[in-house]
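Below, each structure is written out as structure tokens.
Next come two complexes, and both contain chain A; in the first it sits with chain B, in the second with chain C.
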Partner chain A sequence: MMSRLALNGFVALVAAFLVLPILAIVPAAFSAQSFIRLPPETWSLRWWGAFFHDPSWRLTLFTSLKVATLTTLFAVIAGTAAALGIARSGPRGRALLTGLFLGPVVTPAIVLAVALYSMARATGLVGTATALVIAHTMLALPFVVLNVGVSLDGLDRRLLLAAAGLGAGSLHVFRTVTLPLIAPGVVGGAVFAFVTSFDEVVLSIFLAGPTVKTLPVRIWEEIRLEYTPVVAVGATVMLVLALSAAGAHRLLTRKAR
Partner chain B sequence: MNAVGYRLGAAALLAPAVLIAVLAFLVPLARLLGLSFSARAGPFAAYAQLLGDDIYARVFANTFVIALVVTVVALVIAFPVAFALTRLSRTWRGVVFACVLLPLWISVLVRTFSWMLLLERNGPINRFVVASGLAPEPLSLLFNHTAVLIGMVHVLLPYAVLPIYAALVRIDPGLLRASEGLGASGLTTFRRVLLPLSLSGVATAATFTFLLALGFFVTPALLGGASSLTLSMLIDGFVSDRLDWPLAAAASVVLLTAALAVVVVAGRFISVGAIAKGHP
Partner chain C sequence: MSKVRFAGISKAFGAVNALLPTDLDIPQGEFLTLLGPSGSGKTTLLNICAGYLPPSAGRLVVGGRDVTALPPRLRNMGMVFQNFALFPHLSVARNVAYGLEVRRLSRDEIARRVTDVLRMTRLDGYGDRAIRELSGGQQQRVALARAMVIQPDILLMDEPLGALDRQLRKEVQFEIRRLHAARPRTTIYVTHDQEEALVMSDRIAVMRAGRIVQIGSGADLYERPVDTFVARFLGESNLLAGTVGTIADGRASLAIAGLAEPLEGRAADGLRAGGPAAALLRPEMVRAHAGGFEARVAERVYLGELVAVRLTLASGHELWSRRLASEWSGRDVVEVGWDAGAISILPDASYES
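== the complex of A and B ==
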């Protein structure tokens, strides 16, 4: 059918539009010159060397990884517990709590950034990793709660009753029945939390300081000045991490079927 | 475990997350609200300044129009894509889904930066345009409304596709076949059967896209610059350049109110749960 062909052709174009432009940053990172030209006239690893040998760029990468790891830890623990707590709550409590945890998702990032920046200034936390971790955890929490919640919804309660009926204490039931069954949700939530933190730009711009700065913040600052291909290297590092996370998520949440 | 133990257990489980949500979300926002009334010239001075000035009015209008246009364009592209997804074979559906979901993993900064590289004066698009003779000199594709629209549609498209797909997938294909079997043209079937049944998905997609578009900061800031000011960029300017906290807070409250208004109006048509499940 002609219209079916046309539709599929359109979809192919849209799919290409979604994915291909993002890849533009990759060849840019291999430019030999000190300006970006796509595609590069001469290819070189020069700016990759510049990125990984520059202590300030390395520090931003390390800070990003550190903050993301801590965020994931706190978000997974608090979020998983919260999802379990929500499952035990009545319908009104459930609605209220869902609203509270989904709040950051519908609030514009710039508003959150300004609000947190103001509080950070008042508490002397501007430019600290603490502020970044708190902010990122707040942003990552909804993803963990949601992911674990969906896993919990799919949990057959009779399994829990059966375990209890066989004499297992509630902690034992949690450890041996609930946890393994919600593991995909927890792991999925963990991966989302990590990427949310690593990718985060707006709140981090305001909360960062001269010594505590994440990779996206450094890239943001550089883009607004005269930038060299080293910025494209930083962006490619972020791209590689994001794609790795997407792959890891696919792998890790497929296992338990 | 008795009922009281159960309840206490639930409270203990919820405590850490609620603490984070209260301290890092509710309290800062409440403080911001208070700050908006703290201008030296009077409690409502910041709002008066914001809502009375013509320049700011134009920024509000620009923000609103951009969000609206982006939403409409995204929906127009997303609907056929979502529809095609329901009809593709499993392998192709997987491929297209991957293309839709993959960008969501990548930072908005990286996605926007890639458009900067593509749209700049000496970028590959302009070099192609000049070399092929489509235009005598490079087109101004960056730092204007066009660039902002392209960038924002690109970033928001996945958010438009997913809810529409979720709604379309629930429609019984037998209904469409019945419509065509009764002699309706493709357009009529679309208009009178498919579209009404998919309305909740379209409404969710429109709401989410518009909401995100209203609050966008990175994309308009990098792709539009000074020639396409949005409310979020204004707020940034108030804080970073002018250190005018009451004004920044007031502008934030205005933006937040607009976002809440969208959520409330849309909430009458769709459930929060639907938005939540449509979100990756």
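== the complex of A and C ==
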């Protein structure tokens, strides 16, 4: 009984450790003061007004959404194709290709950032959405490859043989059998890709420019200039979007099952 | 529905010969069973027929058309897989309709044929069900319906009853038999179960180590097996090892250590005078016979309508007898015998490479 109590207490502590920073930033966004203090002494929506009325904040939010959407699109297409290729290759090729595609996850972000920055400079892409989308797609791709790969591992190969035996060409088999059955993995990969891009800050700081700036980059810049609750609003907006993505994922995959 | 010809078809995986060069003709509408233990090459032969496995050599001709190089989707064959391989995300009706939709039939035609085949497989009313809601036996019937509805040139079945329990297996055997009788369709059926083979087949091909050892009707195989392997694989058998004496006019004698007189019986092909062989005596042929061999009853096994009795002869040889329970009741020392035609002298398959 005692040990059970102790265990519950420990779990509660860990949960608090994970959740507290979130609980700290959200109230700060509803402060009436001009500086962040916890808890706020008076409450208001004035910083939400400031955030959404300021065209530059709105633009960064829009840029973030645009880059994340394009990243998701490219990462899902390329990642699904890659996972299909990996699943078809022999055991040795499989290990090699998997390692290759997971490379961006294990490479330190700053190394990637320096490398991509020099390439972006050479091609004149610094400060463009194109550069951000390319960089984010690199980071997001492994998550799609992994998620789709897991789904493909669970796919009974005989279903594909059965479909082919019934007269279906490989494209038809993919559309009517493979894709519906790996859909949970594709959706999961898409959510990860979206969140990865939306959340990315290191590469984005290097590659963003004065007109093309994502929300995390703007928050980072803002914090260094003036530490107002509008930063907390930006952070809360990100939090809500990330949670929505996770929620949408749960909903979609449950339906698929 | 077509005549099928395997001409010199073989398959090697690296240095392993899964299937030695095989010739096999299947007349139109025949139900042929490939019977053999695992690793005998029966599934390899089936997969080559379906196009899932390219043969290392040889040609496959279906209805006069060489299909050796055709991919599975162009072969028009219906395959029933061991674990059914039903599409889990599609309803029963959509599973069955899959091959028809691929063929771009009209919606009405598809609906009509799906309804037809569901009625034939006693699945009417199940069209809208999800696959996971069905029992194993129902899933088996959906797999069969899906394969039959495309009116395949050949129906292929790979141990389709393996996943079912014993009672259900029996029912489905008769179901398949009934469906085949109603619309005879060239069928190749793979199993390691002799009972399935005997119940359903027009002909049975017994396979071993990558080749067909014997092909014929169930009666052919049971009554005239070519060697001890086939004798063991189909039905119960008493096999007494010995040395071949004389061979003449389709009959041979076999000297068996411990027996005063050699046994005489029908001679199978491939016997050599002085060589090793075995005498086959089916248990149902061993009966009580006054003046026969004296034997002791060592064991009785009650099998319902029959009783199996293990008899020890004075020579030390053991014979199993399966007769009506009344025949061996009561006594422990008996005299046993058999009809003159009961014995076959067979080459011993264990001496082959």
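We adopt the following convention: the second predicted complex is superposed on the first by the 256 of 257 C-alpha atoms of A that agree within 3 Å, B and C clash if a C-alpha of one lies under 4 Å from a C-alpha of the other, contacts with A are read in each partner's own complex, and residues count from 1 in each chain.
Just so we're on the same page, a contact is a pair of C-beta atoms (placed from the backbone, for glycine too) under 8 Å apart; a residue touches a chain by one contact, two chains touch by 3 or more.
Keep in mind it's a predicted model, so treat the numbers as computed, not measured.
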Clash-or-fit label for the pair chain B, chain C on chain A: fit
Chain B versus chain C as contact partner of A:Thr107, first or second or both or neither: first
Comparing the two partners chain B and chain C, which touches a greater set of residues in chain A: B
Partner chain(s) touched by A:Ile36 [first = chain B, second = chain C, both, neither]: first
Inter-centroid angle chain B-chain A-chain C after superposition on A [Cα, multiple of 10°]: 90
Which of chain B and chain C A:Val145 touches, first, second, both or neither: first
First (chain B), second (chain C), both or neither touched by A:Ser89: first
First (chain B), second (chain C), both or neither touched by A:Ala163: second
Touching partner for A:His172 - first (chain B), second (chain C), both, neither: second
First, second, both or neither for A:Ala190, with chain B first and chain C second: neither
Chain B versus chain C as contact partner of A:Trp220, first or second or both or neither: first
First (chain B), second (chain C), both or neither touched by A:Pro180: second
Gap in Å between nearest CA atoms once chain C and chain B share a frame through chain A: 6
Contact residues common to both interfaces of chain A (with chain B and with chain C): none
Touching residues (chain side chain A, partner chain B) in the complex: 3-4, 7-8, 10-11, 14-19, 21-25, 28, 36-39, 74, 77-79, 81-82, 84-86, 88-89, 97-112, 114-119, 134-135, 137-138, 141, 145-146, 150, 170, 192, 195, 198-202, 206, 216, 219-220, 223-224, 231-232, 235, 238-239, 242-243, 245-246
In the complex with chain A, residue positions of chain C that touch it: 50-52, 71-79, 81, 83, 85-89, 98-99, 102-103, 146, 150
Of all residues in chain B, those that touch chain A in their complex: 1, 6-7, 9-18, 20-21, 23-29, 31-32, 35, 77, 80-81, 83-85, 87-88, 95-96, 99-103, 105-111, 113-118, 122-124, 154, 157-158, 186, 211, 214-218, 222, 232, 235-236, 239, 245, 248-249, 252, 255-256, 259-260, 263, 272-273, 276-277, 279-280
Residue ranges of chain A in contact with chain C within the complex: 156, 158-159, 161-169, 172, 176-177, 180-181
